[in-house]
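Each of the next two complexes has chain A plus one more chain, namely chain B in the first and chain C in the second.
== the complex of A and B ==
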């Protein structure tokens, strides 16, 4: 395994020794070890940008939505000025959750235990989430309680990206834009309407929530570029025909005749750990529907989007599936849904699914999408069931005493990455094979879990060494008159914006 | 306007006393007592803020004829 320098962190086990990116081998320990899980909770989740919820879930002042950030329950709230806040759902007195509802509207959260009361919408106190009253204040504290010091703990940074709301506990963390980089093109396609209207989406009411006996990382890895599992894992789904075209058509609705539009698919892997199963030049039109009224809606949407984006000099691809490091996965096409893998223990994950729809979609489109989403994803979704089976058994198999002596193989396309025009990224060498995305994800994961400092983490992400190595090799090969890297010319368009 | 109180709901947060000590106080049990119930026009803003600040809605304003 790779030799690594001493970590600057806490002296915890160096997980980088278990993730051998150079040789494409990763230890099974990282999926089951209690101490590693603890280090993930301490060093990764409190420093990463995490998806909390959608702005359309809290449209009015006083609205709230209960969510999680790593090991901690949080409340996404909106104040009377329209601002969003992310507050730790734990009373400062004895820790009881101040709110036990999934969502709702309130002026205040009053803890069920001793009734400490926190104001939420900003109408009662200057700072939403501030402590607003404690029972028997005079007798209990006299004039000594400094209320301003005992408000709910708040996320250091909150960012609303076209309705997608993210938060970060760490005031030292890079800005959301820096953390995301050029991966934002995938988030754009997720958040924009099917016709390209910016932020023109909302979520269907209600979030699917369920638990699986799997390590959370198998979930993230599956969506960030594992196109390799589709043909085997989802064979039965394809046979049934759950997609837009019905029986005999693909589950994502890919057209057989794509009009010569697409320049071929490559996966995209970012040095910061994000990954996508496609690239921006993979421009496939929306599906062919069995129902004429749906065809009409989506053909019109595609035409409008095509005109809009081409006028902006943008390519039309980038629908995923994809994962924003570390645990927000999504698909921005068919289906269009967000999945967050909340870590519960090394071998248990709570999966949450949000489903997006165009704000302006007519009832027939909404209804079709709702049914498609449910038969595709969620605890009873057919494609999801296929995946969950794999993740659960892979987790269980990571536990075996003998099994643990043998690492997993992540060698697909090792050393065959191809250059990308997007910042800090490379492409896979093949559309279906290629595990460059997973290798990048686990490398970044290890850097966080080993508690490298922000200056170290930022420095490592500044330059994509993979792209540099490939570029150097290509130059040498061309000079020798032998071009080994068969130029898969992946164009990713201007990262303008 | 008149201030109304439901002592059964009161938990002695005392927010009302902080905001409007001319109308509100706490008794020996730490629960609300009304020093005066009538609120004139000039006092409305202060008393209104006081009743809104109650985390358990134990105090409120009502019309004179209510």
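== the complex of A and C ==
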């Protein structure tokens, strides 16, 4: 067995001691404790790649969209040359939020407090977001104000991945591609059109935003790989049926003749904390629709994509649900939607949901998807309503002194990881009940929160020690592994690279 | 001074409409959802757009999302409403187990247009929800209803509701607003 040397980090309280992935026990303190929350704000969110918004929300020069990165308000803007920027939405003079609008179009943000103004017009300032106007500048500052030093704070790195816009405050952070690694297959399925056209999606106008009284990690964990909760949490919607097949059909409208929701489903867990729960070699092609003209669109798109991927030597699959570490969750099928959990306090979170659709989808498809999304997801969604009940009251019932002495149980599939062909990841062949993804998520989370340096973080992520440990034991485990695979009727194997 | 007949008719109409809307609130607060569904026309359309913070001068164009095209809190017909009632009636809908205590207040009722057998009615609503212990929500806003005369009563044909929140401060919308 190979062991990776554990770095010490510089953070004061060692939250890694609270995350025991070997035994599958995680302390409740990480969901409740004020100091740990502060350390998350200091050491995790300013260094992680965070989802800010979608490029189609700001199509024209001067368009802006207000968002959050952790607990910091930001503006996603497009400058006069069409470039995207992410700016801290706080005046450099006295901190006023320079823009309180959710969206709009302007080439200049003027603070209402003392009217410092910031321009995103490259013909007026060298760097979009730079300080442009200061009332009574000469009288107040003479020649002392160095305007180039007092522009809106800019995210050090911005990356537009097929329309999905991410930002990072830390200039030392690894590139987006390195941070995401082979998890990009899932982002591709999210951002590409159903027929495989790269980046062929846009978001519907209107972002669901709502407050919950729970820790933000409950949300990330749920989408990361918790398919275990469905049968109980969503029993009522399952019983009623809101699927595409019409009244009385199952909520997802899976094609039962092709195996349904659970066929070949497994976990993919990345050492960098990302995770997904789906099938990588077989894809639920499209739901059973009650309306024939919908079938037509989705069948044609699916066939086209299948041919495209086969020509590239790849298999279909990987539609989530999934979470990109730390707080961007998504599903890339039905519904196709992004969910970000913005932390407010240890026990308060603002949840945002975006909804995607193929850019070239005909009107009837758009309308059907839009209605399906709303009855499925968001605070009014018949599925999602019940999730919030669990997250909120799990948080409340974990606050007490006695409760905090007892860890949560993350032992599903403990020690049953299998190697993956995808870099830095393992699988776990549990269609429904498997917690390998959560264990990896919290392990990575603790490494960030303990403020390990980038060299330390990168070194830990270079090799997936879980895969190494399993590989060392392969001789004894192979028979069991095959048995598990047979049990869920899986065609094993990730998408070929 | 005698009341003109037209005025009297309008008062009686308003009285009948108000009584209908109060009765509807009672059915909802008494959780008599199946009976409540009968108050909705078969072609019922319900929409609750999202509200946004936009600049003065852009409110008409941008302040709310558009039903029929963009993401709303709700934008659906009676079939989906019926599914929501079915879900509540499973007894497994954890968002409403234990059931919430809800009061629908309806006020400022005005007849905007009379085109019998249909009328356009505007009002304000305040929906109070309390559940478990301290979980308390106030959902307040404006509403426009289109009602249709059916026998000696009414049915709701269309309901457009403007909720005065941009970020929803309730954790979900598992009650009928």
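Keep this in mind: the second predicted complex is superposed on the first by the 453 of 497 C-alpha atoms of A that agree within 3 Å, B and C clash if a C-alpha of one lies under 4 Å from a C-alpha of the other, contacts with A are read in each partner's own complex, and residues count from 1 in each chain.
One rule holds in what follows: contacts are C-beta pairs under 8 Å (C-beta built on N, C-alpha and C of every residue); 3 or more make two chains touch, one makes a residue touch a chain.
As the structure is a prediction and not an experimental result, all values here were calculated from the model.
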Clash-or-fit label for the pair chain B, chain C on chain A: fit
First (chain B), second (chain C), both or neither touched by A:374: second
Partner chain(s) touched by A:265 [first = chain B, second = chain C, both, neither]: neither
First (chain B), second (chain C), both or neither touched by A:217: neither
Touching partner for A:102 - first (chain B), second (chain C), both, neither: second
Partner chain in contact with A:208 - chain B first, chain C second, else both or neither: second
Partner chain(s) touched by A:305 [first = chain B, second = chain C, both, neither]: neither
Superposed arrangement, angle subtended at the Cα centre of chain A by chain B and chain C, nearest 10 degrees: 80
First, second, both or neither for A:392, with chain B first and chain C second: second
Partner chain(s) touched by A:233 [first = chain B, second = chain C, both, neither]: second
Chain A residues touched - chain C or chain B, whichever exceeds: C
Chain C versus chain B - closest C-alpha approach in the superposed model, Å: 15
Footprint of chain C on chain A - complex, ascending: 100-104, 204-213, 233, 235-237, 239-242, 247, 350, 355, 367, 370-371, 373-375, 378-380, 382, 384-386, 388-390, 392-393
Chain B residues within the chain A interface of the complex: 11-15, 17, 26, 30, 52-56
Parts of chain C lying in touch with chain A, wherever the complex brings them together: 48-50, 52-55, 58, 62, 65-66, 68-76, 79-80, 83-84, 86-87, 90, 92-95, 132, 135, 166-174
Of chain A, residues touching chain B in the complex: 108, 110, 115, 117, 123-124, 132-139
